[in-house]
Structure formats: structure tokens, C-alpha cells
Amino acid sequence: MSNIGVMGDPDERGHFGDFGGRFVPEALMPACLELEEAFRDAWADPSFINEYRTTLSQFVGRPTPVTPLPRLSEKLGLRLYAKREDLAHTGSHKINNVVGQTLLTRRMGKTRIIAETGAGQHGVATATGAARLGLACTVFMGEVDTVRQELNVFRMELLGARVVPVTSGSRTLKDAVNEAMREWVTCVADTHYCIGSVMGPHPFPWMVREFQSIIGIEAAAQLEELGAGTPDLVVACVGGGSNAAGIFAGFANSDARLIGVEAAGGAAVASGSPGVLHGMRSLLLQDEFGQIEEAHSMSAGLDYPGIGPEHAYLADSGRAEYFAVGDEEVLDAFSLLSESEGIIPALETAHALAWITREVGALIPRGATVLLNLSGRGDKDVAQVRQLLKGES
Amino acid sequence: MSNIGVMGDPDERGHFGDFGGRFVPEALMPACLELEEAFRDAWADPSFINEYRTTLSQFVGRPTPVTPLPRLSEKLGLRLYAKREDLAHTGSHKINNVVGQTLLTRRMGKTRIIAETGAGQHGVATATGAARLGLACTVFMGEVDTVRQELNVFRMELLGARVVPVTSGSRTLKDAVNEAMREWVTCVADTHYCIGSVMGPHPFPWMVREFQSIIGIEAAAQLEELGAGTPDLVVACVGGGSNAAGIFAGFANSDARLIGVEAAGGAAVASGSPGVLHGMRSLLLQDEFGQIEEAHSMSAGLDYPGIGPEHAYLADSGRAEYFAVGDEEVLDAFSLLSESEGIIPALETAHALAWITREVGALIPRGATVLLNLSGRGDKDVAQVRQLLKGES
Amino acid sequence: MKSLEVTLRAVRENGRKALVPYFVAGATPDWVRHVEAAALGGADAIEIGIPFSDPMMDGVVIQEAGLRALQAGTTFESIGRQLTSIDTEVPLIAMTYYNIFLHYGLARSAGRLHEFGLSGAIVPDLSLEESDEWRTSCGEHDIATIFLVAPSTPAERIKEVARRSEGFLYASARMAVTGASSDQGDGARVVANVREASDLPVYVGIGITTPEQAATTAAVSDGVIVGSALVKVILNGASVHDVENFVRSFRDAIDTTFEV
Amino acid sequence: MKSLEVTLRAVRENGRKALVPYFVAGATPDWVRHVEAAALGGADAIEIGIPFSDPMMDGVVIQEAGLRALQAGTTFESIGRQLTSIDTEVPLIAMTYYNIFLHYGLARSAGRLHEFGLSGAIVPDLSLEESDEWRTSCGEHDIATIFLVAPSTPAERIKEVARRSEGFLYASARMAVTGASSDQGDGARVVANVREASDLPVYVGIGITTPEQAATTAAVSDGVIVGSALVKVILNGASVHDVENFVRSFRDAIDTTFEV
């Protein structure tokens, strides 16, 4: 476990530099404090770590492999490797965090879990983790998303979760978070709110990063084993930033350049400014009056107007760099990986690859060793891409 | 590799007892002989085995875990474990075989691969394997299935494969096999036919079983590691029988009872009789005149009127037992695993679980240790199940 | 001591239970007239909600009012402009989410609040721990920063919060976001806990819906805050006169019970 | 030597190139009359296709004919019944897939073939290696078992196959299933290879579509088999007379070229 915590921990109030903190209604403060204490305690307890690690290996299928991508490498003139979170149970890295938080929920003696979800990835993961431990589960999902992603709604129901369509605001992810927070206030005694990315009030951004750091810890060791050494670049897509934080954690102390790729329509680093939302101070898309703007990306998982506070800090400090890519580049990258290597990536992941393909020979020197975090599989996106590429419905 | 080949090998003409053999047009005989030789040679070559194993670990994500199912175990009064082929790349065991056959294709100097597919699982797996090695790929799929499974058609296209809708006969899987064979005759010099289960002419049933035996080999070692010892029963669903053969291979020499579960509407052992189809002698659903009947199952992967010849032999010899379950039991099992353990299984897999839930206290003594082969994930089936359970479209 | 606290302590010293209605600025075109009507109806202080896109602590009624206000183009500045026409002596207290002030600039926001004639601010998502800078800015412009305590707040923490709160302490009657509720909630218990820690006036809010509830709650506290119940009436098209009557009905119920 | 082989060797000894048309039994109600017409048109032997649900070696035309036959209720026995009314001396050869015989029983099938007046059988999915039992059964009923060789069959294997084939050896002109084709294919090469291994008559089939193709192919072999081209005409509604003319056009082209 020595590697856990390689990215700097926040201060005792959850600040990563100017970002982070805990901006929640007073009613939730005790829960946040209790959670922080429970997490600190658990994360220092070998029996908890063992339970977490065992669940990841026996249930989630970890370690996920690092796959060399020889054909794409040749096409691009790189040495390209992919960390295969698409192979984790439920199809993305989201489950790593859920495993940690559900085990923690049980440890805290709580019997119910709530979560927000956009397209449904985190919702399905949470419903999965809850089913495994026999926790009651309620998932808040923007009404617009419940219609767009009705199969994921049904998936969650199959897993025994209740899905609550959120009809406030823009009826999408950001409003689902608001609604989950509103719900949490009413039931915080027996209910844990399982936030799905490195966002929200302290300790969530830190805790979720810790639960996701397994990605980077594994990947660093696997690259060594493959003889690839330390990569020149580590590239991940960024919605809230949990998969990026997780893989960065394995390389923060190395020479690797850390690259986060946002959707152009939800680029909190490129287009945002400091603000407070959902319990954290971070970079947000907002208008001149401080009203939060909706993100717009074809990729539901990146459709979030903010970014985790640690990323805001990493951007500020220069340790990580953040770029944005547009929808067309993403579609190209989606097809490219599929046909070159037999891996259909999530649209979110395709953002990271799109940046790589764009920047080879520019920001990325030819011949560089590049590690792509393949955060999820594209099965969930195939219908949408088909519609976009074929112009059919 | 010492464990490979634990199930008896067929005789030199590919017979497992009265079953198997090679019933193909003369034009294909040389290809079958060449393939047999190539496979024998490769399977004895450490460098090929190494390539196969490396691809399985780096690309497919093997070993897949064995997951204890504590909550379901308690509900059923069993010690239940699942071998998680749902976590393999592309979502089922099918890829294990594809990895073997695509590597063999390249080794034989062939540049193109063809395959049949029913719902699309094997087609997607083959397109995946082909993309990875840069092989041209054509998949034959019944026209009826291309409509039912249009997203899988698109998936294959994304992976660079050409999908040919088959308009002959019943326009489903059985006809796709016929059509692939017809195509193979025309291009056998540069093209390998990648059959998707333990069926077809020798050496396919044997070769595919060998490529799938990794499932059982891993599982036996994993159960030891978990302290579960030798299971009392090993239960797998049977379409053509490749996932069953693969897991049985790890336990054939043990005391475990081996159970194959077919769909009631495609139960070649329970309702079939000896016959010859698709290059093999086996048990087939046929009418009084020897015309092959269509199978009928809600599970596309079990919708095949035959069974691999080795299973016909195992049934004959009594080493394995075969049972059939109906659609309603399967839907119940599908929901049960989802909500009890957070794993949505493929409908095919749900057949195996349905048998287990039905037979606890009857054919399965309470307290028994049972290993379920979780052959695939249910994402592909969620839309169909939703329709069945909600009566919506 | 901030002017607001001076005023509100005086209310208590006069043996009067405070009534604090809540308005969403900009929810209707005549919202400023509603505020005046509330003052006429017997309010001791009035909360002016500045709408925010993501009102995490608010239930459906106030969300809806905020959305209407935003769609009508309401901004911090437009609210200020409209408030210059107001005709009342009753203290006005801003209520909004932290990002509004943060984005505008904390010092600048506090200054503008003062210029707009407001004397306090409630920022429900600004925790005590994160509030230093805001409190400093408010200090420079005589803006009282009012904190909440909840039924979940432990005794030790109540002490901390009460020590920093100015004007009054907002005691949340229940673990819930704003919205109407039929029961009494935990207000009495929260107030009792606060009393042990502080002599600041304690007003109870969240879910106070009827004059009777208000009266019962006022009996055990220094005042009540009426939000969603009033906003709902306004969303349903209440006239200025209706608003005055609505507030007066609460005033009367409270006063009758305590025979001031 | 089986009767069929005696007959077909005699054809060759007479300097005549054999013409073997193929019919799908039951594809049309008057299929037996078509067979008679083919005999009149100059056939030396006739293949009678027994339809099978999964005709792996057949292209679309014969698939379609087989489907029609099956849908009309055609069975092995119904074909036999209908053949009893046939009026021809030309030898008839069954062509079907192995499962039909296997399911019916091999000995029983061979016996029925003989009773139905058939003297040979082509089973394209029955490989040499799996044929022992079937050949034994055929031996007891004077049914010649005819094997195919393909362009892909190596010399050594041709020898083996030719040694077991009776009546004639079916040389596939191309790597393809049945169906019309415009080129000559590899028939000449296959025949040449066979010649080195065997003196059995060699007929070329698969893809012979026009009288000209037939004539050219006959020049380098002992005969030709015409399948899909004829079946297509029948599916398109050919009369008995049309069938006779169709077969005769092939006969004439072949005979003219070789000036028998």
C-alpha cells in the first residue's frame, strides 16, 4: 500500500491549494466530518484495505491489464499503451470508487446509499456495489437523461436500485447532484452519498482519488513489467476527473507529463473560472453573474460544468496540463481505436485519444511512450455514434 | 501448460466416441487437414502458447476472477462461485477462442478471417481479434439477426469487419454457418473460417475446446486458492458448448459433477438425435425425415439446433449431464443474480443459474460447492429483458 | 455589533417574537412591492433571495421561483437597482449561494449589499470553516453574516457557529431543504441546544407553513422564518394585498399566542 | 463393378461425352416429367436432388429449389413414390446430404434407393474418411457411391478418392458451391490430375452454365454436369418441352464440337 497517497493530500480542511474545501449546508457538515474520519480510519486499517483490494480482485476483476497498442502505435509513430479500465466490472473505472465507498458505508453502519448519475455509468456502478453488499440504493438522474438512457435506468432497477428522475434545473447531471444533496440532508443518519467523481465537499475529492489511485499504481508497475519504463505522457479524459486522478496518482512523482483532456463544451480549465458548486471550490463554467452554465458534450460522462478541485490545483501548479477536444475529433478517435486495435472505447476515453492523435508531432514528440487511460468501454455509446455517423435514429 | 488436454483428445479423425468427425465438401478437406496440422504444431510450440497466453492476459484481461457469491449462496443454501467470463474483453468467453484462432490464422500465413454469428457475440469477438492483428474480416449473420441486433452489426463495422446478411433458410445462426462454409469453399487459400463454438468439422471442436480450456484451468487453481477445493458441481450453459467445454476441461479429471444446461427450445441432448450437420456428427434437433429444425430460445446464443460432438460424447458416456430450462425460469435467474450480487449475466448464463436455483435441494444437495461459469455479461440482453418484463418495446 | 443585530436584539428585548418572511427577488415583476407589503403586514426582518442556478438547499417551490427570476433576467445588480425604490424601515437580509458573491468578488459584494440597503447575508452553502474571508468583507460594510445550525449539528459545533453568527442564528427545524411541511420538526430541540451555547437571538426556519406552526415555534424561539409557504402563494399569483394579509396572518397568530 | 459404372464406362467407350443434368426433386409438381424430358433431350445420367434443410454445398438457385420442394412436403419416400411412374432408361443418381440417409438408416436408405430405381448416390458432405459404412450399405444394393474432387484436392488424396469412387468421379470445376458461372474454371486441371491417378470416367460440374462452356469442358473430360443453370430455368417456369430443349442445346453443343 506504500504507493497510496503519492499525490499530495489536501490540508485538513480539504484544500488543494486554492481549491477544494467543504461548501455544504450546515446539516451536512457533521456527515462530511464523520465521513472524513471514517475514511481516514479505514484507509489506515489493513483489514479495510484488504477487503477493498480483495473485492477489486475477486469482484471487479483487477488488476486490469495494460495493453500495448502495436498497430495504432505504428500508425501514429508512438509507443502507445492503454490501461484497460474498460475491462473492469460494469465497464469503467467508476466501480473502483464505488467498491471503496460501499465498503465504507457498511463500515460506518449505514444501510443505504444514494448517488447521482449522468448517462448512468456511476449509477449502474453504485447499484452494483449496493446489490453486492445488500445496501438499499437510490440513484438521482436528470429526467432528460432517464429518457436518453432508459436502458441504464432499467439496469439499475434490475440491480435493485430505485431511480429518481430529477425534474429541476436543466434536468441533467448537475441537477442530479443538487437533488442527491437535497436528499442526503434528509437521511444522512443512515445514508451515505456516494459521489461518482473527484468532486464535492471534502473528503470526497481526496477519498475518490485514493479509491481510484489503484489505476495508476497498477499501471506504473505493469509498464515496468512490460519494459516500457516511465511513460513520457500519461493521458486521461476529464469529466469530474476521477479516472485522470486515479492514473495520475501512479505517476505524480515521476517525470511523466500528466495530461487531462476535457470536452470542448465542458472545458472547466480552458473556459472556466474559480467558483463554488456542489460543495467544492474549483474551476467552473459560469456566466458573468456567477450562474453555472450547462456543459455541452456528446459524451455524457464529460457533460459536467466543473472539474475536481485537485485538477484545478494541478492545472494551477503546472504539474498537469489540460486541453480540450471537439466532437468530430472524438468520433474519429473512437473509430480509429476500434478498427486499429479491436477496442471500442467509451466516448469519454476517445477524447483522450483524440488529443493524442492531434498532437503527435506537435505537443507529443514522435516516438514518445504514451499511456492512455482507457477509462471505459464504448458499448454504451455505440447507438449514439451510429446515429451520428449514419445520420439515422 | 500441463493441464491443457485434460479432457480426452479425439481420435485422429476427430471422433469423440460416436460423435465428431469431418463431414465437409471435398473442397474443404485440405483446409481442415492443414488446419489440424497447423493447430497441432502451434499447440506444441511454446512460442505460440506464449503468444496466446500473453494476448489473453494483456488484451483480454485474463485471468478472469472467480467471484464468491455470498448473498446468493445464503439465499440458496449453497457455496456458490462464479467464473467471470463476463469480464473478458468483448463481454464473454468467445474471445478466448478468437484469440487462438486469429493467432493461428496469422501463423498459417492467411490474411483474412470469416465467421458466423447469431446474436453477434462471436461476430464482435472475431471482428475484434481480426482488428487487433490487422486481418480482413467478414461475418455472416442471418438477416433476421442483423435486424434484431443492428447495434452489434454496427459494432462489427466499427471494428472494420464486413457483415453479410444471410438470406437463406431460416435466416438465423444455422444458416449463417452454412453461408460461411459456402464462402470458405471459395477462399480457403487465404482465408480461415473462425468457428465460434466446439462444433464443425475436426479439428474445430477439439481446437476450440483447447482454446477455451483456459477457463477451467484457471478456475480450478482459483478455487484452490480461495480454499474452496474441488467443487461438487460445475455448471455451464450450452449452446454449441464452448464455454461448458472450456470450464469442464479444468475438472474432467476431478470428482466434480459436470452439468450442461441447454435452453428448452434448443435442447439437443434432451430432444435431439444423432445426425450430421455443419461438418460434424452429433446430437441435433431434426424432424422425422432428418431435416434440421430451428431452435427456439429467447437467448440467441443458445439458439442452435445442435451441440458440440464432445458434449454428445460426454452425455453418452455419462461423464457430464445435460438438462434443459425454460424461458421463465431464466428470467427469474437473470433478475436474481443481478439484485443479489450486482452482476447482470447474459441470458445464456442465466440458464445455468436457473438450473441451479431449480435443483437446490433436489439434484443439488444443500451446502454443496457449486461453480457457475458466468459465460458472459447481460448488457446485450437488457433491452430484450426489459421488453419481456415490462411488456414494452 | 452589526446594526442588524442591534435591531433584532431590540425586538427580543421588546418582548416581541420576530417574523422573517422570505422573498425570491425577481420571481415576479412586483416583488419589491411584495417586500413592502410584508413589512406592513408585520415583518421584523425580510430575507431577499438572490436567485442562483443551483440552489442546493432549496426545495421545489423556491427552485421554481428562482428559475422564474433568472429567466426574467434577474441579477445581483438588477436586484440592487430595484431595491433603491423600496419604502420600508424593516431590515433586509440577503440570502443566496456563495458562488454569487465569490464570482462578483467578496469585498465588492459586501459593499454592494450595503449600498443596496441590506444589512445581513445568509449563505447556506458557506460553511463556518470557509467563511473567514467573507466575514472579513462583511465586517467592513456592516453586513451581518448569519449562520445556520441544523438538528444534526453537535453541541460543540453549535458553540463555534453561534460565536461567529451575527444578527441571529438560523435554526433549521428539520433535516431537509426549504419547503412546506406539516409537522413541527425539531426546531424546539435545536433552539434549546443553542440556548446553552449562546444568547444570540435564534430564529427557526425550514418548513414553517401555517400561522399555527409559526405560533407554536415562536413560543420556543426568538422568531420564525417563513419561506416556501409565502413563495408558493406568490407563484400562485398573490397580489400585494394578499401578501400583506398572508404575513399579517402569521403576525397575528404569533402575537395572539403570546399576547404581546 | 456397379451397374452405373458399367453403363457410364460404356458411354465413354462409345466415344460419347456424358451429359448429366441435375434436378431438385419436388421443386415443381411436374419434376418427374422434367426428368423424362431431360432423358429425351440427350442426358446420359440424371441427378435427382433430395432436398435438405441445410444444403451447405449449394448456391442460391438450388437452395431456393430445395426450399420450394420442402415446403411442398417433399420427402425421401415421396420422391420414391413419384419416381415409380417414371418412364426412362437413363440411370438416375441421388444427390443429397448425409443426414438424410443417416437419419433414415444407412442400410435402409441404400435399399430404398435401389427400390426407387436409383443406381448411384452423391453425398457432398460425406468425406471419404467417414464413408465406410455408407459404402458398405451401398455395396449391398448396387448403389454406386460417387465422390468429388476439388481444385484444392492434392494429388495423393485424388488417388485415394478415385479409388473409392464408383460410376464416375465428380470433378469440381471451381472452389465454389453450386451456381452459375461465366468462366471455365479449373475443370481441365482437375481432370488432368485425376487422369494421372485413375481411369474412372471424370465428369466436370459446378458452374457449367452455357452449352458452349459444356462443350469446351467436355473436350477435356468424360462428361459434364449441369445443375444450377437448369434448375434456374425450371424455377422460372420452364415447361416439359423447355426442359427437353434446354438439355438438347447442351447435347448438341457437345456433340457438334466432337462430331460423334
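Order of writing sets the chain letters: A, B, C and D. Residues in each chain are counted from 1.
Please note the rule applied: a residue touches a chain if its C-beta (ideal position, glycine included) is under 8 Å from a C-beta of that chain, and two chains touch if they have at least 3 such contacts.
As the structure is a prediction and not an experimental result, all values here were calculated from the model.
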Apart from subunit A, which chains still form joined groups through touching: B, D | C
item	value
Centroid comparison with subunit B (C-alpha atoms), farthest chain	C
Centroid distance [mean C-alpha coordinates] between subunit D and subunit A, Å	66
Inter-centroid spacing, subunit D versus subunit B (mean Cα positions, whole Å)	37
Centroid spacing, where centroids are CA-atom means, of subunit C and subunit D in whole angstrom	97
Sequence positions of subunit B contacting 2 or more other chains	none
Pairwise touch network: line, ring, star, complete, or other	line
Pairs of chains, among all present, that meet the touch criterion	A-B, A-C, B-D
Subunit A residues touching subunit C - in the complex, by the definition given at the top	13, 21-31, 168-169, 174-175, 178, 181-182, 185-189, 273-279, 281, 284, 286, 289-293
Complex contacts: residues of subunit A adjacent to subunit B	57-59, 61, 64-68, 71, 84, 86-89, 91, 127-132, 134, 151, 154-155, 158-160, 334-335, 338-344, 379, 382-383, 385-386, 390
Touch list for subunit C against partner subunit A, complex	52-60, 63, 67, 70, 75-76, 97-104, 124-130, 147-154, 157, 161, 172, 175-177
